[in-house]
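Please read through the structure below; I'll follow up with questions.
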Amino acid sequence: MIKVLFFAHLRDVAGVNQVQLPVGEMVRVRDLLDGLGPYVPDSLIEVLRDESAMVSVNHKYAGWDALLPDDAEVGILPPVSGG
Amino acid sequence: MIKVLFFAHLRDVAGVNQVQLPVGEMVRVRDLLDGLGPYVPDSLIEVLRDESAMVSVNHKYAGWDALLPDDAEVGILPPVSGG
Amino acid sequence: MNDVIICEANFDVGEEYAKICEQAPSAGAIVFFVGLVRDLYDTQGCAETVEFLELEHYPGMTESLCQEIIDQAALRFPFDLARIIHRVGIIHASEQIVMVAVASRHRDNAFQAAQFIMDYLKTRATFWKKEVGTRGEQWLGKKNKDVSAVERWQQHDSAHNSAESKTSLTVNEK
Amino acid sequence: MNDVIICEANFDVGEEYAKICEQAPSAGAIVFFVGLVRDLYDTQGCAETVEFLELEHYPGMTESLCQEIIDQAALRFPFDLARIIHRVGIIHASEQIVMVAVASRHRDNAFQAAQFIMDYLKTRATFWKKEVGTRGEQWLGKKNKDVSAVERWQQHDSAHNSAESKTSLTVNEK
């Protein structure tokens, strides 16, 4: 299973903190765009397609073409604003 | 009268904290080299001739060619080392 | 004696300073940075009154990113000790948000490391701020000037070739 | 609420920080620098144990130079408040010598102003340190790297043409 966590603004858009979804055909981070479809509003998928969000895989920043391990914890991260 | 103050290493060389001397023929800071002669050891005059010391006139850094007001307080300043 | 502390509670700068002096007895220079909630934000050019911020983060990822920022700073500007304290939760106007402290032998490394850590913390560490004020709520985004601040260090690195460039701090951005 | 304090007594960083927060309520960024007596000095390449420093200064001139350094920093990197506390007299190993604090809206100005003030304080302010240790007594001189630090700001100024260059900070050196 892949666990996907949403933060801040994008959690508001997703309407949930996290979803768990089966690995299925997903090989790369980019494949999440299809995999997440049934779980979150279309508006979130549109934001993700813009690729303005950052993504982490197992607590490391990852590119959209990074491989997705079977037990990945994926973070969907709006632009950060700490400090 | 001109008041000349010595600090740190150069006070040790001068052997005194300060001297007061009549304005006499002194017009510029450079003229102190002659004016101070009778008041301090030759070794101090030698250091001053090297012009490695800094000089202040009335609490402002001054060049060796600066004019010397009648009531000048002159500081003879080794390289600083605060902070 | 953790290098990275993420907590809801406020922190006492005097106490933190005393701890650092004790833990870095050979330091000749200590630089402290404290970031506070300003009561007036200039988001989109409009002055507005901020009542409080709500700060969230990605537990686990944030700590390891902050530690990595400290490690990267240490490669470039060796120091005796560096510490990040970052608050989360509700933080009211004028309260402290973040503290970065660096203790070093000489002041240049302490200043540079503290600035490096703050610049990367602002643009890489997984914190998010929601501003709640007279204009309602809004999530704050990354600021362009913070991005430029980080780019400056990257140029510094490529000019000096002094530290590894490929780390998780370098994000595969499109 | 003096900007420049020269005193024999030690200072409490926590108390000074609290005062600055109170006096600069709109600050979003506070940078503190504290310089301490290191127990090992590397003068002339030899490690030696320093027991204490004896610091003297030129009363009157030092205060006005420090104030002018603050004023010059303010022209370049606007801030809400800056303060210099510098001790004189006998200061033992590991004790605090100097504190520079800057409170500003944004962190870049606070960092830059604090560094500017320290760099000029080191090379211009009329303080002198005598080191008393296992090798006896010696007056310390200006360090080359401190001189380079100040030259960097002067290059910055001539590149940006942003502030008056002719002040009493600019000494008529031969």
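Per-chain numbering from 1; labels A, B, C and D assigned in written order.
In this section, contacts are C-beta pairs under 8 Å (C-beta built on N, C-alpha and C of every residue); 3 or more make two chains touch, one makes a residue touch a chain.
Keep in mind that this is a model prediction, so the values were computed, not measured.
Participant: Can you tell me which chain lies farthest from subunit D, using the average of the Cα atoms as each chain's centre?
Facilitator: Measuring from the centre of subunit D, the most distant chain centre belongs to A.
Participant: Would you kindly tell me how far, in whole Å, the mean C-alpha position of subunit D lies from that of subunit B?
Facilitator: Roughly 25 Å, centre to centre.
Participant: Any idea how many Å lie between the Cα centroids of subunit A and subunit D?
Facilitator: 49
Participant: How far is the middle of subunit A from the middle of subunit B, if each middle is the mean of its Cα atoms, in Å?
Facilitator: Each chain reduced to its C-alpha mean, subunit A and subunit B end up 73 Å apart.
Participant: Two or more other chains touching the same residue: where does that happen in subunit D?
Facilitator: As it turns out, subunit D has residues touching two or more other chains at 35, 118.
Participant: Two or more other chains touching the same residue: where does that happen in subunit A?
Facilitator: Residues of subunit A never touch two or more of the other chains.
Participant: Which pairs of chains touch each other in this structure?
Facilitator: According to the stated criterion, the contacting chain pairs are A-C, B-D, C-D.
Participant: Quick check on the complex: what are the subunit D residues that touch subunit C?
Facilitator: Touching subunit C from subunit D are residues 12-15, 17-18, 21, 25-40, 94, 105, 107-108, 110-111, 114-115, 118, 145, 149.
Participant: Subunit C touches which residues of subunit A in the complex?
Facilitator: 5, 7-9, 12, 51, 54, 56, 59-66, 75, 77-83
Participant: State the interface residues of subunit C toward subunit A in the complex, per the touch definition above.
Facilitator: 35, 55-58, 60-61, 64, 86, 97-98, 118, 121-130, 139-143, 146, 168, 171-174
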